[in-house]
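Dropping the structures in below, format is structure tokens.
Look for subunit A in each of the two complexes below; its partner is subunit B in the first and subunit C in the second.
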Partner chain A sequence: MLIFILILIAAIFFSGIIIRTKSIFSGRKGPGILQPIKDVIRLFRKGSVYSQTTSFVFQIAPTVYFASVIMAMLVVPFGQYKGFISFNGDFIFFAYVLALGKFFSIISAMDTGSSFEGMGASREALYSMLAEPAFFILMGSLALLTGHLSFQEIFAALHIGSYITYALAILATFVILMIAMIENSRMPIDDPKTHLELTMIHEVMILDNSGFDLGLILTTGYLKFAIYGALIVNLFVGVIPYGYTIPMFFIIQFLVAIAIGTIESFMARFRMGHNAQFIFALTSVSLLIFFGALLILGKFI
Partner chain B sequence: MRIIEVFIVIVVIATFLIPFLNVKRKAIVAFAAILLCALLSSYFAINTLLGKTYEFFLPGSLITGLIPVRIDSLSGWFMLIINFVYITGSFYGIFYMNAYNEQKNNLSLHAVALIFLHSALISLCVIQNSMVFLIVWEMMALSSFILIIFEHEKTATIKAGINFLIQSHICIIFLMLGFIWVAIKQNSFDFNAITAYASGNHGVAIILFLCFFIGLSIKAGFVPFHTWLPYAHPVAPAHISGIMSGVIIKIGIFGILRMLLLIKPDYTIVGYIILTISIISGLYGVMLAIIQHNLKKLLAYHSIENIGIIGIGIGIGCIGMGSNNQVLASLGFAAALLHTLNHGLFKSLLFYAAGNVYQATHILNIESLGGLVKKMPQTAFLFLIAAIAISGIPPFNGFVSEFLIYNGLFSWLHDATLAALITIVFSILGLVLIGGLALLCFTKAFGIVFLGNPRHEFQHEIKEVSLFQLMPLYLIAFFIVFIGLFPILFLNLLYHPIALFAGTLINHESALSFNTVGVIQPINWAMWMLVLLVILVFSIRKIVTRKQKVVIEPTWGCAYVGFAPKTQYTANSFIRPYRKLFKPFLLIFKHKKDIEGIFPIKSHYESHSYDKVEKWMIDSPIRSLKSFMGRFTFLQNGRLQFYILYGIVFIVSVICIPVIYKTIIEFIEFIKQL
Partner chain C sequence: MNYISVSNNQRIDIQQIPEITYDLFFELNTGFIISHPERHCVNYYGFKISDKIKLICCIADDNTHEIFISSCIIGDSTTLIAFTSKLLCFEKFEREIHENFGIQYIAHPWLKPLRYPYNRFDKSKTIANYPFYSIDSEELHEVGVGPIHAGVIEPGHFRFICNGEQILHLEIQLGYQHRGIEQLFIEKKNLLQRTILAENIAGDTVVGHTTVFSHIWESLCGFQSSRDIQFARTLALEMERIAIHTGDLSAVCTDIAYQLGSSVFGRLRTPIINFMQEWCGNRLSKGLIRPGKNQFTFTQNLANRLNEVLNTFEPDFDEMCKQLFKLPSALSRFERTGVVSYDDVLSIGTVGLSARMSNLNRDVRLSHPYSLYNEFNHEPIYKRHGDVYSRVQIRKLEVKQSIEYIRKLLVNIPDYEEKAYMNSPKPNSFAISMVEGWRGEICHCAITDDNGDFLHYKVKDPSFHNWMALALSVRNNEISDFPICNKSFNLSYCGHDL
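Right after this comes the complex of A and B.
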């Protein structure tokens, strides 16, 4: 349960830190760290505008999206401590339950009948499909390395000892960070601050959402960041006791947020056509991790 | 024994009764006959799943010898699937066929063929005499051919039907080859002879299995033997498509499983072969499904994908058997068997929903549909449930079977060799891609058909089908949710079928059910939590937004106000990024005329997709065969004298060859001595 609260706390600050990092790099003062949360709270209190084209799908989609991410959050462990639920193959459930949210956000975008939102939906469907193999192969190699099948057991048994494991941990961090960027439609893939709908992915899908629903969707985005941040934390904490891990959790989350802010400040968005190759390249990085795991286990003769 | 006679009597009476009744009664009698047969056979099926096995011997004839009828739990499981899909399908069919009420004779033929097909399918599960098995197999092929070509006045229908008929018979040739081989060696048509012949000889066992496997995979629709499927499904009436995809292709799966049990080939080699073909089928099926614009053709390609997933289960199950890994074996076969049921459910539901759409709009091209959720909310809702289930997303049934496969693959990691590890990685990669592509495909199908604004102006009013017609759909949807939320119940039923395969690897009995049930138990809780969470969040939303102001406005067009249905995203544009990425695997023809000049008059864009495997496997061999045969057209010159000459030459040679047989032998001996 601890991790649940930790992720919630991290989610409150995460987006604010990214925005602050970006504004510092661009020489502005920027809004307060809590501004994104204040925005969401304001949205929760606002009324909504619904398109006359939409149906029940549009009404339930943000709810399902939010619930699926909360469900995914319940599976995430905290080093050696279990998440709310933990079982063999929980990372499969993690990925698939996120897919449920994606399914609904895609069809809710198509429910509006807007050409822009259809465009975003099409891209989201393709990119999330391409990002998934990387996650599965990453988890597969970690499972192979540790001999366990659940998040908690894998992370508890993950010892960083030799040079190769360092390399693997760094590669794994990179893969998870990139998956987080894709899942949240951030910079190298998508530019949330662009002013042109034609070049958006996630932002353009929620053009018609307003009020409570928009608040839910934004909250879900913050939670997703914190969840992937927590996964990265898990790569490093291992069997260290609580006293040290909780500060470590926040430090690593903080660093991840700053890293994302930095990436967003200094990188330009890829051309849409090149995104697919980039995302699929992540799979080859996770294949590298897999071969690294084979090396460590001495499966190569 | 008696019950089998009752079964046959029901079929015969219904067959003779149907032509003499009026249209309404035809449907009722056909349905009643199927229901009775289904109930009778389900009685046995349920008993076998509880651990009984049956063995009868029907007298048969001089040619066939005794006809053994053996019902074990594997037959039982498939019989239950067949019966369920069939009952819902024929009930749906009663209403679906209402539109064709004038074609009385055609309807009688259809109803009789429907009953015949059902009894053939049930018999195939239990009959263990190769001669009779082939006859029943032929009965199945012919009756499904008649069912497919119901609308035979359309060229496309009759073409697809003949395509199906030919490929079915190629399938029968392979089966016949295998059975004749065994019958010659063992002098018996009993299936036990197959075991007797194949045991002890590994090489023979594998070749014999592959012979059956090729035949059966034509029926099941594994790539590259799938080409009949995308033609036959769209042209058949909706309930036939549902039954065909739900159970007829599953008979192929049943045959493969049965042959695995009978032949007991080297499981490791066979497992790798099946796994490879299945991954290719799964990926290729869904890749082609995405680019289809005919709703039923799209679903047909998805059947190939799901057969691939079932095959992956069988493949890893076999490898588990080969490597004495009982966890892998039980997970693999459990996944395959459960997915067979799951696919039967959601695919038939999808086909019936597509049938509703067709009935309301008379259109299957998804580019012309849209916005149906407002006109047909119930059909849309049912389609949505099936679409989520088929994409393998929790909390529905598709996820359960895919989870079993994943779990098998991941648990296999620990004691795998290097070759096995690479296989695992590619299997996982394949399965993940299949899942992701299915999501892309079904967001497209659901989004374009049911959401947005209508893309076509209809002359008639579009309305939801009757509640009676929706009833079987709701029943199927109920089971989709039910399996998702109570998977353990079904895995317990699967105990005996799995034990047929993996039972030999295990010493104590509890381990078997622990493997599968233990894996699914926690998922079960997680699924419940997910459902409760969704309800909870939704009620919070309801309470919070109760007093808030809601405004209904047109869709935000980013400040563009000239909004028209034509500006919506189309199916083709939805998959454009995908299409560009997967170009090397696809075959798409485009015809377009760009906008030219200052005052453009007309421009158009059209794209057609074709199957690359079909081009290589079917079209080009046929073309070269045709050009080769074309060289002999001079023989067929239309002159009667020549034909009589051919006849004389034939007769003379038939008489002469035995006469000069000895001389020929001597001549050959002579040449050899040289």
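Right after this comes the complex of A and C.
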């Protein structure tokens, strides 16, 4: 319950902090932290316009997409405390309920019949497919390490003490951060600021969405960021009591947002053809974690 | 002699241009260019004389600083062998002649409408039924972009044929910006109106086009411009080059999503154009260049201000370039993206930056000097690879070079000279003028009638040839790299469409 509210609060500020960081690095003052939320509220007050070539898929997709992320939020724990739901293998549920939302956003993009949106959809499908092994090898290694199969048990049993666990935690943070960037179509995979349809991934898929639907999709994006931030927090909080974990939650979320803003300020986007290599390289980082886990368990002879 | 050789900004009587038969005309002009990389066609156009059409072809020789002009009279809607059958660089010119006068060309591979002028020959050809090159394939797909640009700049339609993410073919359809500039030059009788018209041929090359127009007008009138006029023009041309190149570097950074470069170069452009405002009251230099007079005297005060501006501009510019050109993620986007080979740029006859990127020598400042460029010992900047990296590098180096030239100019500021009297244009004359704008060679040709009024006025912006280079550059590239290729050329839509 607590984590649900924490994620909602973090989602309100997350995007604003990224934008503010980028503005400050480019020498501008930038909009207020709450501007993205104000935009969403504005969109929620509007109606939607639907193209005549689209079918019902296009109309339900934003809702399904939003719902899938809310579902995923339910299983996210907070250190030793469970989320709304917790069961063995809930991280698999987490990954595939997010994938379901993504599937709907992809077919709704295809539904518009626009050549741009088709391109965006195919890119999105490819990249999330390539990112999947990285997530599962990571979670699998953690499961192996702790001997548990649900998010809450894994994170509660995770103790960071020795050097090798520090290394694993840093690698895991990196992998989750990068998966968050891929899932949210941020730099260096995608450029959320561009106005050029040909280079977009996520933005081009929602070109036809407007008003309320667009608001839902944007909100979903903010929530997703906060969810992945919460996963990173979970790697560190372990069994620390509430009094410390709540400030820690916000500090880590804040740092993650600033890290994303910094990456986006001082880097160019990858060439589209190099994205696949980059994302696949994440899998090998996950494999390192896997071998680290084996090492700790003494499975290597 | 089948042709007459003139130099840049020279007026000749129209009768001095020899009229020859089309066969000779064909042999002569293709013969000039074939296996002479130092020569290229600067203008080839037709205009109506009663029911006949007069074709005029101007070939420039970069080594001898000459321009060879020949002409030919042909009947209305005849069928001719296309120059393009031998030389692809005539492709656009012949399409224009075909569109205006309905001349049928044999062996022209791409006889499609160009810009849909109001008085075109075949009115049934409209912008809506442009015959796109299409494919009949299950594997390939077409992507149409435009005519409304995503960044809402100028309209143009781009039709890609792609294999997945890879571009196989790009066809660019322009003509949305056609305003009938050439016709307006004839209709507007007032010199001020005409100058303002020249200023508005392409909004990013105000100084370039206005300088060419002023040169044409002055050579038609037999006016020798004083040193202070030439000084102002040279300075303004170089300032325009700095401003636009810096702005383009910013735009290229935006397209690769490099935020730091985008905002820093964007900021650096501002003091340069703000200085133009201090000088002439307009940030885009409108109102600065006028035929036969120096509208805004360049004073010592302005020179001190400009020195200040450049002294603060240069260190920041250097630092940002250093950052940009050592950033691996930026370099991986620039290098080997959008390559056009030397052979290709030569055969399609590109000019300016789009030629120099592939080691082809095209720079009017060197080959047909005007104003004060003789005094600089100008050395054009070349790159060899013809990719985005070369184009970005040339922009950077040209900005540095322009700063150097401006510093040289500022050492010795000429005094204001009283405005000399300018005659009206001489009747029955032909004049050609070329200026190196920041994008490349701008060429205007004017012909006067018995009263000294314009009989025909021809404008050629560098974009006219260079759009083809863009279409070639994106082949076999990823479609997501198209914006950066496009921006690295930064061609003009309205300069092409007129």
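Please note the rule applied: the second predicted complex is superposed on the first by the 301 of 301 C-alpha atoms of A that agree within 3 Å, B and C clash if a C-alpha of one lies under 4 Å from a C-alpha of the other, contacts with A are read in each partner's own complex, and residues count from 1 in each chain.
Methods note: contacts are C-beta pairs under 8 Å (C-beta built on N, C-alpha and C of every residue); 3 or more make two chains touch, one makes a residue touch a chain.
Here the structure is a predicted model, which means the values were calculated and not measured.
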{"item": "Touched partner set for A:I70, first subunit B, second subunit C, both or neither", "value": "first"}
{"item": "Partner chain(s) touched by A:G273 [first = subunit B, second = subunit C, both, neither]", "value": "both"}
{"item": "Which of subunit B and subunit C A:M187 touches, first, second, both or neither", "value": "second"}
{"item": "Partner contacting more residues of subunit A (subunit B vs subunit C)", "value": "B"}
{"item": "Which of subunit B and subunit C A:E197 touches, first, second, both or neither", "value": "both"}
{"item": "Touching partner for A:S265 - first (subunit B), second (subunit C), both, neither", "value": "second"}
{"item": "Partner chain in contact with A:S26 - subunit B first, subunit C second, else both or neither", "value": "second"}
{"item": "First, second, both or neither for A:A169, with subunit B first and subunit C second", "value": "neither"}
{"item": "First (subunit B), second (subunit C), both or neither touched by A:A121", "value": "first"}
{"item": "Residues of subunit A that lie at the interface with subunit B and also at the interface with subunit C", "value": "115-116, 119, 197, 272-273"}
{"item": "Footprint of subunit A on subunit B - complex, ascending", "value": "370-371, 373-374, 377, 380-381, 384, 388, 391-394, 399, 402-403, 406-407, 410-411, 413-414, 417-418, 421, 424-425, 428-429, 432-433, 435-437, 439-440, 442-444, 446-448, 451-453, 519, 521-523, 525-526, 529-530, 533-534, 536-538, 541, 544-545, 548-558, 565, 567-569, 573-578, 580-581"}
{"item": "Subunit A-touching residues of subunit C, taken from the complex the two chains share", "value": "141-145, 150-151, 165, 253-260, 262-264, 267, 327, 329-330, 332-333, 337, 478-483"}
{"item": "In the complex with subunit B, residue positions of subunit A that touch it", "value": "44-57, 60, 63-64, 66-68, 70-71, 74-75, 85-90, 92-93, 96-97, 99-100, 102-103, 106-107, 110-119, 121-123, 125-126, 128-130, 132-133, 136-137, 140, 143-144, 147, 149, 197, 207-208, 211-213, 216, 272-273, 276, 283, 287, 290, 294, 299-301"}
{"item": "Contact footprint of subunit C on subunit A as seen in their complex", "value": "22, 25-28, 115-116, 119, 187-188, 191, 193-199, 264-274"}
